[in-house]
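Here come two complexes built around subunit A, the first alongside subunit B, the second alongside subunit C.
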Partner chain A sequence: MEKKVYERPHIIKLDAGMPGKFGMRAETPAMTHVFGVAVKKLVEKHGSPLFVISEESIRQSYRKAHKAFSTRYPNVQFAWSYKTNYLSAICNIFHSEGSWAEVVSGFEYNKAIANNVDPKKIIFNGPGKSDDELLTAANNGSLIHIDHLDELYQLIDIAEKATQRPRVAIRVNMDTGIYPQWDRFGFNYENGQAWDAINKIMHSGKLDLMGLHTHIGTFIMTASAYGIAATKLADLAMGLQQKFNHTIKYIDLGGGFASKNTLKGSYLPGSDISPSFDEYAEAISSALLNSSLKPDSLPLLILETGRALVDSAAFLISTVIANKRLSNGKRATIVDAGVNIMFTSFWYQHQISPAQGASQYREDTVLYGPLCMNIDCLRESVNLPILNKGDQVVIHNVGAYNMTQWMQFITLRPNIVLVDSAGEVQLIREAENMDSIQHHEKMPDKLVINHP
Partner chain B sequence: MHNRDLKIFAAGILNSYTMIFFSKNMVFGIILVLVSFFDLFAGTAGILAVIISNAFAMLLGLNKKKISEGLYGFNALLVGLGMGLAIQPSPAFYVILIFITLTTLLVTLAFEGVIGKYGLSYLTLPFLFSIWLAIIATRGYSSLSIGESGIFTLNTMYLRGGKIFMDMYLWFDDLNWPVYLKTYFKSLGAIIFQYHLLSGILIAIGLLLYSRIAFIYSIAGFTAAWLFYLVIGADIHELDYSYIGFNHILTAIAIGSFFTIASGWSLMWVVLITPLVSMITSAAIQVLGIYQLPVYSLPFNMVVLMFLYALKFRERINAGPELVYIQHYSPEKNLYANVNAHARFRNKWYIPLSLPFFGFRHINQAHNGDVTHKDEWKHAWDFIIRDEKGKEYENDGTALTDYYGFNKPVLAPADGWIQEVTDHLDDNIPGSYNMIQNWGNTIVIKHAEQLYTKVSHLKKGSALYPKGTFVQKGQVIAQSGNSGRSPYPHLHFQVQANPYIGSATVNYPISQYICINGSYKLKMYEIPGINEEVSNIHPDNALEKSFRFIPGQVIEFTLSDGGEGHWDVLTDIYNNTYLYCAASNSTAWLKTEGKLFYFTHFEGDRNSMLFYFFISLYQVSLGYYKDLELRDVFPPTILPYSTLRMIQDFIAPFVLFIKPQYLMTFAKRDEDIAGNTITIRTQTRYSFMTKSLIDLEAFLTVTDNGLKQLDIKMPNKKYSLTFIKQS
Partner chain C sequence: MRMNQNIAISETGFLFNPSTGESFTLNPVGLKLISYYKEGLNDDEIISRMQEEYQVEEREISRDLLDFKNVLKHYLLVDNND
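Then we have the complex of A and B:
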């Protein structure tokens, strides 16, 4: 029989909490292992906090997503959204599954090139691209998605210098029946900007219009919005066919598929209400198949799914630094991972599991990070068992955006390990040290302090 | 007359001679003209008759192709030769010749109309009717006197050729060859009314040049007759006196190698039919004797027409001997084309059905399945979708949406009309059945009379079209579901001959599909089996575009050595598309079947670039699949003529040993959204006893703009073609 867990004596206020539709919040079982590797061992070897990513989990979600589309539409291509997670090892897992690269800056573009992605399979999005970046992308035959008219004119100029005709697509924003309507990227569909931009491209005669792109928003909880977007893009494609006898090669529905995380303010957990890949695929492919596009010349369907493919493939292990009681009697636990490395805790109520056994008692707890900043709060309210200093917690669904949006702020960034398909733990990003930060700093001579 | 018409006319004259032997071989034609002039008057009358007949044909505006093939000349020729031999030349004779020839042409057209309706050839029936008419009619024309050349042969010889000619004739006549051999040659000569050895030998040489197969069938037919006469003790002088034995020779060539594909079967029928020819000959001699009319080729005509007509009543149309459908006027070509077509296009009668879904599916029950595909419903497939681990669902499989195979588009396998739709049945929860409406939601599509396909266990309410709607191949018609006798979501697919839900299945193949089995395999007209992962062929735009030859296009290219050329894409009245190279007068016929491109046939210059193009791209997959291998076999005719080819010709009806092998693979693909660049590698090889007779390797690069580059490597030469235009 397993040894019972000792918990220090404590008093908790009898509180049934907000009576929910489903009664009391369920307790989360202890999570002693992540991806089959003991949390204690991982921390022992790689320190805490520690990001743990699973190769197998990434491949599984990719294949599941791909299957959802390829069984419904004859010609599907995923492009890995670099900004979601551009650790080279992670990118290359996606590339090895057949993903292209979707980048939004010159830096990301170079990263994709460094990862040996065929430049023709790089989609260059984003509102800010320099002349040099555009010229390189044009010369390489990468797919440049034009965001605004100034960029369109910029590209027409660059086309003169480029060794080949720039391959472009326009970004289209539109009303898909959801709120908020994203209208800051690309050209609007309803007011005719998009059609206007298409005409300008076709009349310029200097650009190869390869496709149409839209990015309707992020964390879209309604699959049907994609159906509306696909229908509108198909409509533009038909217009191009009719007016210019020009067949586009692809329709890019961008990203925005929701992951299983729970948004702050959401009544139900994300794992229950986020649409599945099948629902998105059904909406998009039936919209395209039912459009006026000819069945024998259906354009390639590109998806820039990021979050939904990688979020659940990573956990963050963090160690308890201290416990305290707040003035209102609420328990607070301080862990060693702060919002500087957990950017997404601003949006999500991340699920948090204790990494070791505990009694059945749970207490509403505030989970703080280690930063000396008021904002550093991972969860305002989470039911956790009694945790001792040195215990670990496991934070779920942290694969997307954290490892790119994180900050070097107050503390240094920790190790990231990958549990590969064979179950081996590989370090894929080393923790930062003083030199990582100091390296780029320059000290004016007169400010150097020399002790006599 | 236009230059082109002159050519037609000239060809028509020569072909009228060779058409007697079902040939269009020029050398053979010249030999026959020569032999016919052994009797100057007969020869003159013969050629005049041909010219007159073809001139009348032109005047009437008959089909020029038929005129040029000699189809309106050969009966007149025979009439002319016969008349020229029988009647002394005189102005009156030539006047009569004109009208006898016109009569022959009209009789020819009459027979073409009547017999042609039954898909038969009129052979030399017009000749028979016309010459009998002439013989009887001219008996009353006192101005004509009977020709003597046939009677006083030596006199005639001396008169027309001097002593040398007569001596030559005598020398041949005195040759101490076996009677059998002499009779064979004389019988051959008798076909154009020259009953002597030299004519026969010359004709035999011509026949051999024209066709080895026809030659051996001529011997086979004659030998069979000889043996038959010996065995039954009939009057063998029927063969060696009036040389009526030529009926056996022509019959053997016609039914053994020309109208049918030469084979052991056709040889058997030649032997079986020989006694019929003899009996008809004997009987006809008696009957026609009453009117003092010669039998000529009557037995040949009767037997061949009866036999060919009889073949049309067969139920097993592909049983031996097979009829020739596309006449190449050469037993060899007919045979090789037939064998080749059997190997390559044996399935052309099927209506091509494709798989009713996008992407790859796993077959967990195929024909003669263990579970439900039994008895009357044994020819059916169940398709599911599996993940890499072989599971067909995610999570625990308790919800329908856990199954990959649930709610996926179902496509029409071919064009057709929606015949039946059931769409109201609930989808079962996984694990349960509906045994009452066991087919569940079902759509039956009618593709042709007695060809229906049925997809079952569809999702409730997913059918997109009502009864009677016309749907196109590949069009989405519903979503897969779990209704009826379906414990887990799967797509049931079957072909049936009747329009009802629940009709018995029929065994019908899928036209073209890709099957993963370690590597990609392309299957044609096969029945996908259990546990296979199958998909329709997804064509690559670059390949599709490059191999889409539209009549009217011109393909221009340059050669690495500085030369250049162009081919025209043309089409004929039978809707066959071909590439034509005017510079070398070469033609390569092609076709596209589904997602495969084929070259079917080549005529012309074996050293032309078009020939290498034909060899290099004999068969090409229009879908790119890594490691895909396509194999094919060429007919022996792609090799230059040699002793080996000659040996092959002789034994071709029985054994085909020259089989040049073709292999196509994909060498490279540069993926590009603007259009892929694909390099195809093909190899053509044949060696006999370690001696390589053909060894050609080709690399063709295609892009979205069409053909780009063709590099051909042979042991002793190399060519590099750069395509500059395909429009």
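Then we have the complex of A and C:
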């Protein structure tokens, strides 16, 4: 007699009717392949955990976003937010689509230079730029976004040494009706700080005021907030025109569009409720076109969209290490990817799919990483089929911030592969090894342990 | 280990506990294990029966049985003196 296929025994208590605290049971079908490549094959070749990014998916998102704006506004430019994902291969996909670079540190600036971005197409944001960094950016003609008055004075001094007049914009913060209001970056619109900065720049005669910038926050679920922001920047631009007869070249609305991830505590999945690029584009374009800006000198509209362009272009494959039963009877599954490489699990309820033919029996499961730390939890509650040690899961929408905000903590960072447009799998970042860490450490002679 | 008296199990894997009013569903392997317990088999007997019937290693079925028993206890479906 042929033996039957075995699967872990399983019993679920039936609850009467109501969906649970974590919403309707989202049945996640098995995902044996990511971006057309078998999960098993990827893991065999590149190990686990493994980040897998799709070139095609990035290009598609970019084109969709670009189209949403360029069909509504005549002059649109995206600048890739380096901090969102600064793997050089990923940046260069964006650059090859036409994106400029948006950086927030000297390190990111140098990365953009190393990627051969035209320095005039680098936007330098952030509150902490050194004298040397500012001088280099000024000499290169990069767009320097001034964050505070100290930086404004610093830059006026630097202008004396620079080989060309620094090209600048100010960052403006404002009330757009959303909570929390981000007011720690830039100059405030409502209380007149923004005008103080503009007056100072214009009277100094040392800086070229090229644009006005704002970044109203991140994962903004209300597109209309951008309409308010665009209106306020257009007002400042009009004021500049009237007072100084100065035409600014661009208005930069920063990043912050929501991706398709589901924020923690959200009852409905992000894929259902996040605004589309069209909704954001409609709010921004109509605000600018309806403003008093002259139609023949409309400023370039710059967008520094990060997460909404790259989140869905990456999956993290992870392997089951063990199953446990918690004291309250709940199943816990431990996988080999921890919060050290999945920083965004602190913000999102990432969708998780089993990677092999799944049984129809599902159970509410806590998904833990392998770190010996209480915080190492990827999902507090996820409905998963019975998983065995050695099985894989696929974690969705991990393209933004994980591969930059990850920590070298307890384990080493894993490989990252790109499935290119031809369907080929390319290693774009090698897993770290002992040497990656030890290389930077120095051992004082007297602490060396020598065995006789 | 003994299943609680009175528990009703259907062939399709539906389990009802009249003393608490709670219902459960079982997958085929879960159903099989419960029916062995109802027949009065002990763990060793169950483990060897399961290996005869299913493509499963002793290690795996022993581990799963241990876990499964804990869940049954948690749901108060078995006599606790075992």
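Keep this in mind: the second predicted complex is superposed on the first by the 437 of 452 C-alpha atoms of A that agree within 3 Å, B and C clash if a C-alpha of one lies under 4 Å from a C-alpha of the other, contacts with A are read in each partner's own complex, and residues count from 1 in each chain.
Everything below uses one rule, namely that a residue touches a chain if its C-beta (ideal position, glycine included) is under 8 Å from a C-beta of that chain, and two chains touch if they have at least 3 such contacts.
Owing to the predicted nature of the structure, the values given are computational and were not obtained by experimental measurement.
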Which of subunit B and subunit C A:S359 touches, first, second, both or neither: second
Touched partner set for A:G329, first subunit B, second subunit C, both or neither: second
First, second, both or neither for A:N125, with subunit B first and subunit C second: neither
Contacts of A:Q392 with subunit B and subunit C, given as first, second, both or neither: neither
Partner chain in contact with A:N140 - subunit B first, subunit C second, else both or neither: neither
Subunit B versus subunit C, judged by how many residues of subunit A each one touches: B
Which superposed partner A:P9 touches (first subunit B, second subunit C, both, neither): second
First (subunit B), second (subunit C), both or neither touched by A:S259: neither
Touch list for subunit B against partner subunit A, complex: 357-359, 385, 387-388, 394, 401, 404, 407-409, 472, 474-476, 538, 671-674
Residue numbers on subunit C that touch subunit A, as the complex places them: 15, 22-30, 32-33, 50, 52-56, 60-61, 64-65, 67-68, 70-72, 74-75
Touch list for subunit A against partner subunit C, complex: 3-14, 323, 325, 329, 359, 361, 386
Complex interface listing, subunit A residues touching subunit B: 63-64, 67, 70-75, 118, 120-121, 141, 143, 167, 208, 210-211, 249-250, 276, 278, 282, 285-286, 289-290, 295-296, 300
